[in-house]
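As written, the chains take the letters A, B, C and D, and residue 1 is the first residue of each chain.
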Amino acid sequence: MIKRVDVRYLKDPESCGLKDPVFIEGLPGIGHVGKLVADHLVNELGAEKVVEIYSHHFPPQVMVLEDGTIRIPKNEIYAWKSNGTSPDLLILVGDFQSISNEGHFELVNAYIEIAKRFGVKRIYTLGGYGVGRLVEEPYVVGASNSKEIVEEMGKFGVKFEPGEPGGGIIGAAGLLLGVAGLEKIEAVCLMGVTSGYMVDPKSAKAVLEILSKILGLKVSVEALEKRAKEMEKIIAQIKEMQELAVQQWKSDEDLRYFR
Amino acid sequence: MIKRVDVRYLKDPESCGLKDPVFIEGLPGIGHVGKLVADHLVNELGAEKVVEIYSHHFPPQVMVLEDGTIRIPKNEIYAWKSNGTSPDLLILVGDFQSISNEGHFELVNAYIEIAKRFGVKRIYTLGGYGVGRLVEEPYVVGASNSKEIVEEMGKFGVKFEPGEPGGGIIGAAGLLLGVAGLEKIEAVCLMGVTSGYMVDPKSAKAVLEILSKILGLKVSVEALEKRAKEMEKIIAQIKEMQELAVQQWKSDEDLRYFR
Amino acid sequence: MIKRVDVRYLKDPESCGLKDPVFIEGLPGIGHVGKLVADHLVNELGAEKVVEIYSHHFPPQVMVLEDGTIRIPKNEIYAWKSNGTSPDLLILVGDFQSISNEGHFELVNAYIEIAKRFGVKRIYTLGGYGVGRLVEEPYVVGASNSKEIVEEMGKFGVKFEPGEPGGGIIGAAGLLLGVAGLEKIEAVCLMGVTSGYMVDPKSAKAVLEILSKILGLKVSVEALEKRAKEMEKIIAQIKEMQELAVQQWKSDEDLRYFR
Amino acid sequence: MIKRVDVRYLKDPESCGLKDPVFIEGLPGIGHVGKLVADHLVNELGAEKVVEIYSHHFPPQVMVLEDGTIRIPKNEIYAWKSNGTSPDLLILVGDFQSISNEGHFELVNAYIEIAKRFGVKRIYTLGGYGVGRLVEEPYVVGASNSKEIVEEMGKFGVKFEPGEPGGGIIGAAGLLLGVAGLEKIEAVCLMGVTSGYMVDPKSAKAVLEILSKILGLKVSVEALEKRAKEMEKIIAQIKEMQELAVQQWKSDEDLRYFR
C-alpha cells in the first residue's frame, strides 16, 4: 500500500551521524539541469540512500528497466558524510515531481519535514532557467528566501537579475524556498541558464561548478563534461539538418505556386 | 509546512481593537480592478497586516522579487482603525485566487471565518466587469445578497442592471456574497466596468471613488490616476500600432493572389 | 461556511407527513428536459421546499438575479403531499450538477441518504436523450435498475431500446439509478428524446405527460406548451436563417476562385 | 452509498477455500487485450464472483444493457478452485480503470489489500503493448518486479525487450507490479503486442495461450479465436476501404489545382 505521500526512512536520521547537513534538491525540471547535477553528486560521492518517498501525486505507472524489471516512480534522499572540507549533505533526487498542483505542496511539506528531522539549516534547490534560445556559455542565476544569501551567493558568481525568472520558479525548486522561509530555514535556488528545449548537461556543469565552489566540494565533472560533449555533437547535427531543411524548403518554395 | 488552507493570525482579533469593521475584498481578477483598489487602500491608509493565508490552492511556485529574494503566493488581511468619520476596515488582498474550483469554496469559508472572528457585519467585494470593448467612461455595477443594500447602493450611483453580469460573478468576489448570505452577513460586490483585456486603473479609480463615498473614506486617488494616465498612453500606442498593422495588412492583401 | 456536500433540512422529514413518497430528480442536463419538467412540477403543484444542498462541487460563483441580488448555486428538494389519487412527491431541482467527476458520487450519495430518511421506495430521474438531429415527435426512452419496472413502464408507453443510450446515462440521472440499486430502491430514468442542441420544452412536455400518467398526477402542461411553441418559432427562424446562409454561401462560392 | 473506494466481499476470503491463489488482472486498456483474456477466463472456467468494487474514481454514469436495465461501473473479482493441475485463481475484471491519476493508486492499494487477504503470492497483470501498426503475428512482451520471474517467463516464450515499453506501463497493470513489489509479492505483466487502434482478440489469444502454458490451465481459446476471425474480416474491409479512399483521393488530387 502506498500512502498519499509515503515517506519511508531506510535509516534513522539520528543514526546517519550527519552534522548540520546541507539539503540539495535536484528533481526533474527545465533542461533536467537540477536532476543531472544531483544524480551526478550522488554517484560521484557514493552517497547512501536513507529515505524513499512514494506518492499518489506521481504518475500512475511503472518504468521498465533494461533487464525487464520495473521501477515505480519515487523520490529518494541520499546522505553523505563529509571528510571535513565541506558540509555533510542530504541530496533529494527522483523520477518525477508531483503531477498535480496540490501534490507539490504536500510533497514539499514532506521534504521540509525530513530536512528538519535531519537538522538541516540550509537548502540548495537546483534547476534550469529556460530562455528559449541556445545558450553558448551557460551561467547560473539565483533566487533566495534571504537577502543575506543573495549577497553571499553573488560573491561566488551567482547572478541575481531583478525579478528574473519573470514567471517565478515553479515546482519543488521554488516552493521549497517558500516553505523553508516559513520554517526559518535558509534556502537558495541555483538555476543554470538553458534553452529549455532539451536535456542540458553543459548548463548542469555550470551549476555543479558553482555549487562545488560554494560548498567546498571536490567532485569530478568529467561525466557531465562527457555528456555535454555528446550533446553538443547532437546539437551540431540538428543545426546542420535545420540548415539543410531550410535550403530544401527555399528551393521548394521557388517551385511552390500553390499548396 | 503549509496546510491546505493555512490561516495565520499575526495579531489576535480582539487586540486589534476594531469596532464592527467593514470587510473589503480585492483579489486579482478581471482587469485587476479589485486588486488595484484594495492594494491602493492598504498603501494610502497605512493599514496593518494582521492575517496571512497560505494554501495548496494557490499556484505551486514562488515569485522572484527585484532584490533576488522570493515571495510565496499568499493572501493577506490588513486592519485599519478609523479616526471616526468612516468605519474600521479589514482589507483582503493577495497574489492569487484559488486555481482549483473546490479551493474557492475552502478559501471563502476561511475568509468568512476570519470576518466573523473580527465581528464583521458588512462585506464589500471589489472586481471588474469585463464587457469586451474599450470603456471610455467606466462606471460601477453592483450585486448584493440583500435587497436593502441594492437600494442603498443605488443612492451612491452604483448601477444594478437586471441579471448582469449574465455569466454571474465568478471566484471570491461572487462566492463571498453567497456564503456571507448564508451566515447573515450583508455583502455587496462593486464591479468597475472594464474591457477585460488589460489591467485597468481607470476602472479601479471609478470603484475607489464610489467606495470612498459609501464609506466616508478620505483617500487620495492620485496614484491610481497616475497609473491610469500611463495606461492610456499605452492604449493609444497599441491603437496606433493596430492601425499601422491594418494598413500594412491591406497593402499586403493587394499583392496576395494565393496563399 | 459551506461544507463539501452541505445538506440543510429546512423541515424535519418526519414532520413533513409524507407517506412512501416518490422521489423525482430533474437537474440541468441534455436539453434541460429533466429540469424543465421538475421545475414545472414544483410550480404547478405548489410544492414546499424542505431541503437545500450546497456543495464545493458546484461552480465557484453566484448568479445575479433581475433585482440585483445574487443566488449561490444550490440544489433543492421540494415536498408535496398528495390529495390521494397520486403518491406523495419529493422533487429534486437545482441550478447545477456537480462539475467534478467525484462530486457526482458524493452528491448522489447525499440524495440517496435524503431519500432514505423520507422513506422513499421509488425514484424517477428525468433527462434528455440527445440524438443529434431535430426531433419532430419526441417520445420517452427509459432505463431502470429493475427488470420489473422495465415491463411496468413499457405499459405506459416508455420505450426501452436495447443498449440505448449507447454512451450510458451520465451524471445524477444515471448514477442515482445505480446507487439506488445498491440500496434496494427501485429507480427508473425517463429520457425525452431531443436534439441535444438547445433547451427543449417540447421534449419536456412528452416526459411530463408520461410521468403524469404513471403517477396519476393532474398537472396542467400549459406553461410547457407555451414555451414549446415559442421555441418552435425560434427554431423556424433558425432554419430560415440557415437556408439563407446556404444560398448566400452558394452564390459566394460561384465567385470564389481563391481564398 | 458508495465510498470513495468501496470494496464489498460477497464471500469471506477464508470460506472460499483457495490455496495460495494466483491473482490475474485484466481490466480495460490498450486493445482491450487484458480484459478480453480475463473475461474469457472467468467465462470458460465458470469462476465465482467473490468481491465487487465500486469507486468515485470510475466515470459518474451507468451503462444501459440490452434488456433496458442499467449497470453501475464496477470492478469484480472472481475465484476459481483448481482441480489440481494448475493453481487456484483470483481474477480481477471490470468495466473501467480509474479516470483520475490519484484514483489509480487508491484502487491498486485496494486490489493489493484483497490479494493479501486471500494469501496471494503471485500476480499476473495482462495488457496490450501498442506499437502503432497492424501486427500480423502478435507475441507477448513481459515486465516483472523480480529478476527471477523475468528468467522464468523467458522460458515460456515471453519476450523481454530492454526498456520496452519505453513509455512505461500505465495504469493498474503497471502500478500493481510496483505496489506488489513494495509488499514483497511477485508480479509480472504480460502484454500482447497490438496495433493499439482497436480491440484485439488475436493479441488476446496470444496472451491467453502463454498464460495457460505458464499456469498449466486448460481452457478453450475457441471464443477468442472466433472473435479474432470476425475482427480480421473487419480489418480486411477497413483496408479495402482505405485503398479505395486513396485511389479516390489520388484522382481528386489530379483535378485539384487550388483549394
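What we mean here is this: contacts are C-beta pairs under 8 Å (C-beta built on N, C-alpha and C of every residue); 3 or more make two chains touch, one makes a residue touch a chain.
Everything numeric here is computed off the predicted structure, so don't read it as measured data.
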Same-site or different-site touching of chain C by its copy chain D, using the half cut: different
Interchain centroid distance [CA atoms averaged], chain A/chain D, Å: 37
Inter-chain centre distance, chain B versus chain D - centres from mean C-alpha coordinates, in Å: 52
Chain B residues counted as touching two or more neighbouring chains: 258-259
Interchain pairs in contact, sorted by label: A-B, A-D, B-C, C-D
Chain D - residues contacting chain A, complex: 98, 101-102, 104-106, 108-109, 112-113, 142-147, 150, 160-166, 168-171, 174-175, 177-179, 181-183, 189, 257-259
Contacting residues of chain C [partner chain B, same complex]: 1-2, 4, 54, 56-57, 59-73, 99-100, 258-259
